[in-house]
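Okay, here's the structure, questions in a sec.
Here the chain labels run A, B and C in written order, and each chain numbers its own residues starting at 1.
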Amino acid sequence: MPTNDRSLDSSLPRRTGIWLAFACFAVLGAAQAYSISNSPAEGDMGHLQKIMYVHVPAAWMTFLAFFVVLVFSVLYLWRRREAYDLIAASAAEVGAVFNGLTLALGMIWGRPTWGVWWTWDARLTSTLVLFLIFIGYLALRGFVDDPGQRARWSAAVGIIGAINVPIVYMSVMWWRTLHQQPSSPSTLDPAYTLGLRLNAIALLLVMIYFIRRRYEIARLERAAEQAAQMAAMGGR
Amino acid sequence: MNLSGLGKRFGARWVLRGVTLEVSRGEAVGLLGANGSGKSTILRILGTLLNPTVGTATIDELDIVRDASAVRGRVGYLAHTPGLYDDLTARENLRFAADMLGLGYAAVEESLDRVGLSNVAGDRVRGFSAGMQRRLGIARLILRAPRILLLDEPYSNLDAEGIDLMNSILGDVVRAGGAALVALHELAPARGMLARTVSLVDGRIEPVSPALAAGERTGPMSVVR
Amino acid sequence: MAWRDDWRRVRAIARKDVTTELRAKAGFNSVASLGVTILILLGLALGPDAQALRDAAVGAVWLALLFSGVLAFNRSFQVELESGALEPLLQYPGPRWTIFAGKLLGNLIFLTLMVTIVVAVGVVLFSVRIPSRWPTLLGVLALGVVGLVVLGTFYASMASRSRAREVLLPLLLFPMLVPVLVAATTASKALLGADLMHDADAWIRLLAAYDVIFLIATFLAFEHVIEA
């Protein structure tokens, strides 16, 4: 990435970025330490329960990331500002990572709990479908070259995909509950809730940092493209 | 027709690097250039099929991006490829166009007659020669009764009779106070039709020497260098 | 006046699409054949036990519809692209949603014909017993097909103009169709059985809501998608 351009370099708030990175990972470490040391071993699951402190907040962040994609896709189609497209794309990438993390941890949790790596549990299944929708969104971005077309198309796909999230969730929930037992709803002991909340805040900070970082990279890429554009327009 | 600083980029490649050109009413302007020089890109931008990366253009004082719908109603764009449906007959192709334009089917027969395809109107386009497809494309152009013509290599695949037909349509539009931009790689077929000729070199407009514009036969290479 | 012109455009596009697809050898015949072939393959993979086939019938038919549908949707825009006809199509004056509506209607007619064949073959191959509530079953099928066509046409308008259209369309479309697949198959299974719980009604409402929501959403979004 060409960073020798002075004006480009100084326009990006690198310092605060680094502080944010320190802060969010420090909070994450503290939240993990607190929740692991303060939660008693759970009756059925024992210490396995501690996966929850990442698994559940990561799932929340997945939904939040989808919401960010929705908001900035709508903003893009409305105002046509390139920054909105780049933020939506960054949120989708980060959301996909959290989504993958949720799925992986869910499977690791499920193996000892249910005895299988995968079960068509309502939450697990709908999270998987969300993952596929994210993949589709990112694939579309990869297969379209023109920046304007890519921005408009992915905004449309982002909005339509986000509309589908609650519908997918509801349909999969019904699919599992109409004929079968609902999957073990964990009535949460208050001993765990504080740890969960702390970790949710920590992961929220991490997600904000990631999206911001990804957005900065995307902007640098675009700036490099535009520099090439100016050169092409200027000289023969 | 007014083009100002038009630039278009495909991927990393700049095809147009600041095209500025004015075409007045009653004027037909020739646009010369080698293959891949960006002639078609200019016409497609004016035909509202592409948005320029930078720069603006207006047709009849209408901005081609903001007022795209109104612009579409005025321009007739003849693309390099005819863009016909192979599995429909000639008549069905034109009736489809008439439906899309909100015209009656009588106009379809008129324009078929003018391009000399009435006798094969019921045949599928798949079996047509390149020249016949070209004529059918021209028939569809007439159907629109455009005030502004954007013609991309209009003479390719046409015989002498077809060239005369094309020129008579061009003449009609210009005489009626319309305007035309005609992309060409050689000037000979348009002899006497063009008010002036410019050439597109390295994504910019350059004037063409009067000797060339006078209509002597020119190969693409002699224009570029 | 204006709506009359728009409706004429919609009809013209739909009629043109259906005519070309029925005339082109690669069109209707091959897409319908693919649907039937998928059914036969699924029968071979799951059979020959009659009860096992009966249980799998609904899922098999829907998978056949999804895969052959993807082919049909991609074709409907490919026909325009191959002959360079998309540009003239975009060049006509008038609102662009008429293009989407026309394509949608064309695909709906096309898929209705295909569904008729695939379902008939499915009923025979998978020894399905026609239940007393078969009109409701047809309703479920219709609602599901509408959802399939709406999103399929919308995503094909993008995927067919991208690099890698063959891969991109199913990648975009199938995850979006999960509610349709789940709702249509579950409701159909309930209707083929006793449906003592009256589960089918809830699924039908879900399908109807899905169709309406995405019909509106895709119409609003198409303007941004088709623009050059």
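Throughout what follows, contacts are C-beta pairs under 8 Å (C-beta built on N, C-alpha and C of every residue); 3 or more make two chains touch, one makes a residue touch a chain.
From a predicted model like this one, the values you see are computed outputs, not experimental measurements.
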Identity of the most central chain, Cα criterion: C
Chain located farthest away, centre of subunit A as origin (C-alpha): B
Subunit B-subunit C separation of Cα centroids, rounded to whole Å: 38
Subunit A-subunit B separation of Cα centroids, rounded to whole Å: 49
Between subunit C and subunit A, distance of the C-alpha-averaged centres to the nearest whole Å: 31
Residues of subunit B engaged with two or more neighbouring chains: 51
Residues of subunit A engaged with two or more neighbouring chains: 145
Residues of subunit C engaged with two or more neighbouring chains: 227-228
Contact footprint of subunit C on subunit A as seen in their complex: 77, 129, 132-133, 135-136, 139-140, 143-145, 149, 152-153, 155-157, 159-161, 163-164, 167-168, 170-172, 174-175, 178
Touching residues (chain side subunit C, partner subunit A) in the complex: 151, 154-155, 158-159, 162-164, 167-168, 171-172, 174-176, 178-179, 182-183, 186, 197, 199, 202-203, 206, 209-210, 213-214, 217-218, 221, 224-225, 227-228
Subunit B-touching residues of subunit C, taken from the complex the two chains share: 5, 8-9, 11-13, 16, 19-20, 23-24, 79, 83-95, 227-228
Residues of subunit B defined as touching subunit C within the complex: 44, 47-51, 69-70, 72-73, 75, 77, 79, 81-88, 92, 96-97, 99-102, 124, 140
